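Letters A, B and C mark the chains as written, and numbering starts fresh at 1 in each.
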Amino acid sequence: MLRFIVKRFASALLVMFAISVLVFLIFFATPGVDPAARIAGRNADPATLAQVRHSFGLDRPMPVRYLLMMRHLLINRDLESFVNRGSRVIPQIVQATPVTLSLVVGAALIWMTAGIVMGTAAAALRGKAADPLIMLVGVVGVSLPAYWLGEVVNLITQKQLHSSVFSWVPPPGYVGLDHPGQWALHLLFPWLTLALLYAGIYARLLRGEVVTALNEDYVRTARAKGLSERRILIRHALRCSLIPIVSLFGLDFGALVGGAALLTEVVFGLPGIGKLTFDALQNLDLPVIMGTVLYAAFFVVLANALVDILYARLDPRARHA
Amino acid sequence: MTARTTPSEVLLRASDVTKHYPLRADGFSRHRRVLRAVDGVSLEVRGGETLGIVGESGCGKSTLGRCLVRLTELTGGRVEFDGRDISTLSTRRLRPVRPGMQLVFQDPQASLNPRRRAGDTVAEPLLVHRYGDAAAVRRRVAELFDVVGLAAAHLDRYPHEFSGGQRQRIGIARALATNPKLIVADEPVSALDVSIQAQVLNLFADLQEEFALTYVFIAHDLGVVRHVSDRIAVMYLGEIVELGETEALYKEPAHPYTQALLSAVPDIDDGADAPRRERIVLTGEVPNPVDKPTGCPFRTRCPYARELCATERPRLTPTASGRHTACHFPLID
Amino acid sequence: MPDQPLLDVRDLRVSFRTRQGSVTVVDGLSFSVAPGEILGVVGESGSGKSVSMLAVLRLLTSPNVTVEGEVRFRGRNLLTLPDKEMRAVRGREIAMVFQDPMTALTPVYTVGWQIAEQIRAHEKVSRKEAHARAVGLLSDVGIPDAASRANAYPHEFSGGMRQRAVIAMALSCGPALLIADEPTTALDVTVQAQILDLMRELNAQGSAVVLITHDMGVISQIADRVLVMYGGRAAEEGPRRAVFHGPRHPYTWGLLDSVPRVGGPRLRRLPTIAGMPVAPGNLPDGCAFAPRCRLRHDRCEERPALRDFGDSAHRDACWLPDDNRASLRLTSRAAATDVPDMEREATP
């Protein structure tokens, strides 16, 4: 096990390094662009430009520039945003993290519950009318783009029906956990919007797995034992089907925590990692981009590793492989 | 299927063939574990005869079959076919040798490309070895179909349209296409129904007579192996433990494993045959080939095991009667 | 000696609805099992032997299946029982083990847990007690170190051990009848012998066994009575000795003759049954075996009933004259061996 963890850790570092180099090169190696001007912003005076050049070692070779950047970012942690002068990258990320976590954890709970219930019900009722209906809901959820759905939700809750049905819906934005009621209320529709997308995927996936499991020999044995259909469905078929689902969930969750719920955050005005990344990209704010990309990469890599370990816990066969 | 020709030249000779699969060292263990699939097998097959190889799961008989026709690389030892040493030939050098030795597989469903028509599957070896023009190939394929008992109408059908027995016939036709001298059949009838099995076994017999074929017949069914073979090799955990003429071996096995194996077979009792042999109950199961016992591989289950069996590995040695046994204390001399 | 059979199946009919129409897989099958006896059911693919036993336990769950007839077990017709009562029969009064031990157990639970699950489904016992019983059962079927093996997962068992565990589980509630569908086919011959020994032991302790197999040798060694099936119907049925020493149905002759033996004389060519086993969709109106039978005649276009000839225990479904069967068999066998065997299948 120890060897496994060490190996994963090493490969994680390698991945992160590769990503950081890539982002760095996109910025600094793009031909025809003067990085100093970009960094210093528009209308920078020559003194600022010179200072930027020196600070970022723009007159030094590429690898040195990279190392300087990394030192500022990770070791000194004093890398400043190009756009918001005086605002440091790392603290910004730290501040945005709880927002994203709130969004993602809540949505995950909702979509996993809904997905598992819908998927299992559809599998149990396969062949009957309810099965395709449930799957239809799933397909709809997958097809609606989050940003469009979010905007529509906003349109309805903030404008059209705000005065009547949805008067209780607060304006877009985030409230911290110190006001739990408001916190949840602000996050309600973001949760539902994000969850709808994933619930569809997971319901579909789970249905397929459960239907397959119900045709397996061990289910036939369970029936021959005299167990009730319900017990067989949940304790045997579902339990075995959850293994691949949980693995996939780990990967999705990791990506989302890293900021993949970007559009949802933007649409609902939640100042999370996603929005931070979005704004930085719009403004070509390199240090922030570097920071958020590395942050995202870290979580994806971490999620991958954890999923592998989790798989071994869930599936006894994998432990001896 | 007795050899009708006088004992002829040795067509295939295996000398100390080994095939090892290294396994990934697990966790913290220092030394690499090795799966000794085939662990020092020597045998000879003469032209026109049928050598049966029998054993239970994990004994390495299928791996040995693939080694004999160089479908896999050997880890050690030598294989000579028709006078040539084919053990280490490159793929290119092996090409002209391959038409002479062919393989028939166990699972007729898995060994036929489901997207190819039956006729095309049989034609492929002819095309690969440049048999002739398209017309010549077509004629030959039709001829082969006829020989194995399939109708011309079957040429254009896909595998899923055939029964198991028919699919096996297609596989046999494919093996015959290049006019081989040697056919290695790996469990060719195990997946077939009993009544179809008999048909295919008869087909093997007829083909051997008609085309002067030599067979290496690998199976786990002792009745089937007895029926087809002139001589039999019994394998256990990668080694041959006994080798000899079929009838003599079945009547009086020399190796304790052969004895136990024969006693365990549920033979049909229809009142006609001699009283059943006494049942020898083996304890436990076949050890994992990765954890092969030291000394004699069979000693952990052998009712007659003694001290010597744990320390020294018995080699396949001839006895006075022409039988070869790998046992320190064989049951007959 | 109780007269009442333990299991009495009458005119069982199982059909599947497919795109090509209705396919009858079991076509009017009747047989019975006496308490404590071993019935060997032998047949090739398409004979309906497995499907008929799945139908007995109502394990055919596809909505496209129709099961008709009567399955009387201890006086009740299982086919008309409400689901809840049927579940009480399964695993407790009738148990079933299947062919492939490698996939028979749920991979994510320990073997002990799965055995205990069955016990607790039928009896009101505590977890601890159920687990203790599970350990005892594993030990009874010859699994060494049962206490720690009970906490192992199925994939940690070898094939033979897994089959033993499955048998232990099946017998956990002391059923009167065990149905075993090809229980040793996937196992090595030495392991098979051990499992058959185990079944003999269990039978000696009181369970009746229905053993389904294609292996005549196995039947010959273990069964009290034999049922030979072909084309979803019974071809021959009777005490083992009678069926093996004096078989009456041409299909049984074919089966016995075409198996290469370990003992006895060696044949140059095996007598064969012409053609292929009949596919379930293609059952003829008359005798199912007629198309492949060398002794077929006009009468065979009418389906023969299962009849006995004096010896009420030994019955067969064939129109051949009753008194001449043995010599008919010899002529048929001679014909079967002579024909050079280029069977051309007359497939449509």
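As a working rule, a residue touches a chain if its C-beta (ideal position, glycine included) is under 8 Å from a C-beta of that chain, and two chains touch if they have at least 3 such contacts.
What you see is a predicted model, and the numbers here were worked out from it, not measured in a lab.
A.B. asks: Which two chains does the highest number of contacting C-beta pairs join?
C.D. replies: B-C
A.B. asks: Among the chains, which has its CA centre at the largest distance from chain B's?
C.D. replies: A
A.B. asks: Could you state the distance in Å from the CA-based centre of chain A to that of chain C?
C.D. replies: That pair's centroid distance is 55 Å.
A.B. asks: What is the distance in Å between the mean C-alpha positions of chain B and chain C?
C.D. replies: It comes to 31 Å between the two C-alpha centres.
A.B. asks: Chain C touches which residues of chain B in the complex?
C.D. replies: Per the touch definition, chain B meets chain C at residues 1-2, 56-57, 149-151, 163, 165-166, 193-199, 201-203, 205-206, 220-224, 226-227, 246-247, 250, 260-262, 264-274, 276-277, 279, 281-282, 285-286.
A.B. asks: Which part of chain A faces chain C closely enough to touch in the complex?
C.D. replies: 127, 216-218, 220-228, 231, 236, 239-240, 243, 314-317, 320
A.B. asks: Per the contact definition, I'd like the list of chain C residues that touch chain B in the complex.
C.D. replies: Touching chain B from chain C are residues 44-45, 158-161, 188-194, 196-197, 214-218, 220-222, 241, 244-245, 254-256, 258-264, 266-273, 276-277, 340-345.
A.B. asks: Can you list the residues on chain C that touch chain A in the complex?
C.D. replies: Within the complex, chain C touches chain A at residues 57, 59, 61, 63, 87-92, 95-96, 98, 100, 103-108, 117-118, 121-122, 153, 155-156, 166, 169-170.
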